[in-house]
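Look at the two complexes coming up: subunit A is in both, with subunit B in one and subunit C in the other.
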Partner chain A sequence: MNPSVETLRATFGSAIGRAVESCGDTIVYVERAALLEMMSWLRDTPGQQYDYLVDVTAVEYRDRERPLELVYNLRSLERRADLRVKVELEPGGDLTVDSIVPLWRGADWLEREVYDMFGIAFRGHPDLRRILMWETYAEGHPLRKDFPLRGRFSRAEQVRQALTANPEAHYSLEELSIAAAYDELPPDMRERLRRGERGKIPYSE
Partner chain B sequence: MKRVLETKEVAGQSPNYLLAKAQDLVDWAVNSSRANSLWPMPFGTACCAIEFMATAASRYDFARFGMERQAFSPRQADVLICAGRLPFKLAPVIRRIYDQMPQPKWVISMGACASTGGIFDNYAMVQGIDTIVPVDVYVPGCPPRPEGLLYGVLLLHKKIKGESLFDRAARREEQPLDERGLRLPPEQIDEISEPFGNSIHQFRSA
Partner chain C sequence: MSKRTVELELATPGLDAQGRPARLPLAAAAPEPERLSESGASGEHMLINLGPQHPATHGVLRLVVELDGETVVRVIPHVGYLHSGFEKLGEYRHYNQIIPLTDRTDYLSPMANNVGFALAAERLMGIELTPRCTVLRVIACEMSRIISHMVWLGTTSIDLGAFTPFLWAFQERERIYNLQEMWTGARLTTSVTRVGGMMADVTDDFVAGLRQFVDTYPKTLHEIDRVLTRNAVWVGRTQGVGAMTAQEAINYSLSGPMLRASGVPYDVRKDRPYLDYDSYEFDVPVGEHGDVYDRYLVRLEECHQSNRILRQALERLPGGPVNVADPRLILPPKSRAMSDMEAMIYHFKQVMEGVKAPVGEAYVGIENPKGELGTYLVSDGTAKPVRWRIRPPSFINLAALPKMAEGHLLSDLIAINASVDIVMGEVDR
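Up next is the complex of A and B:
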């Protein structure tokens, strides 16, 4: 068992749930209210120093009685120690969790993927959009267990929606606006961008 | 040639042997030029693209069949080779690439996934690219060996050489998408997307 669990319990008390050991890894279950504070503590406290966020993902089990699990894999590069943190969520209930992007910028796309596939919303995420499915995807969150394997719509409807999608709508606003090159563009292209032809330019006007 | 002669007879004129012969000559010249200088537009999305690259490389070398120059711009391409699975997110992309290719144009669907969806009978995958663009040659295999792709290219040569400038019926020109935004009737798309083989054991609903 990872010694961090005992320190966590001493610091956060009842917000820390059970801890189990699986295949040599320690898994600690925490309350979602304490998540952000606890992750910050794990990252910054001397002796913990879990400075590397390996992955953020989620699991829904086939057993309907089991809750949905949000999984954070942490590693301390300094101490060469791993810790897996899980948050249990009721699939039918509130699926809002604090974003850890303020702690690790790398969590940005990971949380977007979890949101896209499981529908877990991250409070405080700077740009919470779908990342794998397209922006206008209307069938739900594909990795949830109540999602049919072949999707909710008929194949014809899926093809229709796909063909009517604008491929350029997949790009981020930043890519669309090419804001970094804005000042070097010829005047007519600047005019087109200003008119909003290809998305909005951040920080302009 | 026989066909041309017959149409002339129906029109109430004597069969014009010289005209028919000239038309055949033109067809032969045009079709040979087209078939023997096909510029492929590779649309490689998966492991089929690796076999496609092997086909283009020195050992198999499809430049021997006039595909010397790969056109990475659809505007200079003759044949679109879809090598690999096509997710719904890429469907508007391949359709746009196809629309940008100048006529005459052909499509080769390389591999099981491009042709039928393959093992990916799920929410994200197009079940056969013929629901998106018309396909001339389907190459089976998972992935097909380079010999398979070469055989498909030779079949396409055969098909091109059977076309005629003077009989448009032999060439089915692709129409723009209809007002629903589809190229096939919805019932037909549903029918060709039906599960088959092992995937009939998967249930559509959860």
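Up next is the complex of A and C:
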């Protein structure tokens, strides 16, 4: 068992849940409210120095009773130690977690991917958009267990949507707003930009 | 000093006492922030769309670039054009059936991906490999490193206007592909590992062929080194371009040559050894400036070191079985499955039910050519993983592209993007 767990428990008390070991890795479960503070502590405290964020991902089990797990793999390059931190979330409940981008810039795309694939929203993320699926993708979050392997829509519907896709959505609204292009935008788009809208989701109206 | 002046000076680089080009301090080449606002007075920012079909984006990467004159103000990468949902597909497949999917992620180093997945599945199931299998997997990994770096070198040199090294590099890659074909029957989609062993043992012809490759390969590396390392155009286009400091590289979770070029001496093979890497003699090249030039030097030296490892692996290649002796894991030979009742039952159970993994989870990171390829497997005790996560090195390295490119020229963006060494199959998965 990684000694960091005991130190964590001494520092954060009840915010630290159970700790288990699997295949040589220590996994510690934490409360989501303490996540950001704890990550920052793990990164900056001498003796811990988990300075390298290996990965951010999530796991949903086939057993619907089990919570959705958000998984952070941390590593201390100097001490050559690894620690896996997990946050448990209710699949049907509030899926908002503090973003760790302020601590590790490398978490930017990783959190976007988790958001895209699992629908977990990260509070404080600078640019939380879908990353692998396109911005107007309306079928949901593919790696959730209730998402069918072939997608939610029928193949015919998917083809129809692709063929009738809005070519204006080729650039995101932010990109179109860049500099000179802004003046050439149609008035309704400028209005939507001002309201802070992102992509236009087809068939949502 | 402006960037332009630096380039002019570098066009005729002076040589230092060792005959290497004298390097300018990075600070001189770094863009000065106030320059942006100076030329930005005109207010004419341009929006350029680069890709997804563009030879210099190395696949279907799309970059939306905001330009102020020729200076990159902002880069917005768009990925996902090659998204195939491998991780989702893996949840519907037995462990051995996932291996062909791993070929198709980083398709420039398929064998190393096969090894990475198999190692994670084996750690999950608690399997000890045979000595011959261990050495064969090291050979597979290092062959992959060489072909991947050769593709990187070839395409990057083309991006920067040098055509000859591309031909040399691809010639060497072709020789490794012939060896891969000899071993597995496939050049690209090798699927060479199985959980607990390998798909096939190597033949004597393969060993002889690889030995011949190992003996002759350094000559090409020296030729590439001669034509690029001190080349004024190459040096001018790469030095001081897209630099990342060690701290930034760690903060951006870079891995592999990208991390080491920035001066962080971290190599999974040395720091968390897998297979029997701790018993090989090899050096880990580390850069100091973290620019495109250092990434080139690191990768070139890694090719030499891979060759060194291959030579040692060939010397020590032990005899004996390549698969573990567990009939529940390894398919019996077809002839036995057809004639022996017991073998047929094992064959049937493995094909129909798959190999069950105990409840638990395992993460194994291996040093892939692109960086740390992590495989994270979560099992609920059935024959199919609950979650198969690939930690994609090129996806995470690519995320630092905007940081590296902003403030540089558009032509530098091409060099920086090339230096990340992405493969879109893995970025998008």
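Here is the rule we go by: the second predicted complex is superposed on the first by the 162 of 205 C-alpha atoms of A that agree within 3 Å, B and C clash if a C-alpha of one lies under 4 Å from a C-alpha of the other, contacts with A are read in each partner's own complex, and residues count from 1 in each chain.
In this text, a residue touches a chain if its C-beta (ideal position, glycine included) is under 8 Å from a C-beta of that chain, and two chains touch if they have at least 3 such contacts.
Here the structure is a predicted model, which is why all the values come from computation and not from measurement.
Engineer: Is A:Ile16 in contact with subunit B, with subunit C, with both, or with neither (first, second, both, neither)?
Structural biologist: After superposing on A, A:Ile16 lies clear of both subunit B and subunit C.
Engineer: Which partner does A:Arg62 contact after superposing on A: first (subunit B), second (subunit C), both, neither?
Structural biologist: In the superposition, A:Arg62 contacts subunit C only.
Engineer: Just subunit B (first), just subunit C (second), both, or neither: which does A:Pro142 touch?
Structural biologist: In the superposed model, A:Pro142 contacts both subunit B and subunit C.
Engineer: A:Leu77 in the overlay: touching subunit B, subunit C, both, or neither? Say first, second, both or neither.
Structural biologist: In the superposed model, A:Leu77 contacts subunit C only, not subunit B.
Engineer: Mind working out whether A:Trp134 is in touch with subunit B, subunit C, both or neither, as first, second, both or neither?
Structural biologist: In the superposition, A:Trp134 touches subunit B and subunit C alike.
Engineer: Which partner does A:Leu42 reach: the first (subunit B), the second (subunit C), both, or neither?
Structural biologist: Neither: A:Leu42 stays clear of subunit B and subunit C.
Engineer: Comparing subunit C with subunit B, which touches more residues belonging to subunit A?
Structural biologist: Of subunit B and subunit C, more residues of subunit A lie in contact with C.
Engineer: For subunit A, which residues belong to both interfaces, subunit B and subunit C?
Structural biologist: 133-134, 142, 147, 149
Engineer: Residue numbers of subunit B touching subunit A in their complex, please.
Structural biologist: 88-89, 91-93, 95-96, 121-124, 126-127, 131-132, 177, 180-182, 186-187, 189-190, 193, 195, 202-206
Engineer: Could you pull out which subunit A residues touch subunit C in their complex?
Structural biologist: It is residues 22-25, 27, 51-55, 57, 59-63, 71, 73, 77, 80, 82, 84, 104-110, 113, 117, 130-134, 142-143, 147, 149, 171-172, 174-176, 178-181 of subunit A that touch subunit C.
Engineer: Under the touch definition given earlier, write down the residues of subunit C that touch subunit A in their complex.
Structural biologist: It comes out as residues 43-47, 49, 64, 66, 74, 76, 79-80, 83, 85, 87-89, 92, 123-124, 126, 248, 250-254, 264, 266, 271-272, 360-363, 365, 372, 374, 376, 378, 380, 386-387, 389, 391, 395-396, 398-400, 403, 428-429.
Engineer: Enumerate the contact residues on subunit A facing subunit B in the complex.
Structural biologist: 133-134, 139, 142, 145-151, 154-167, 170
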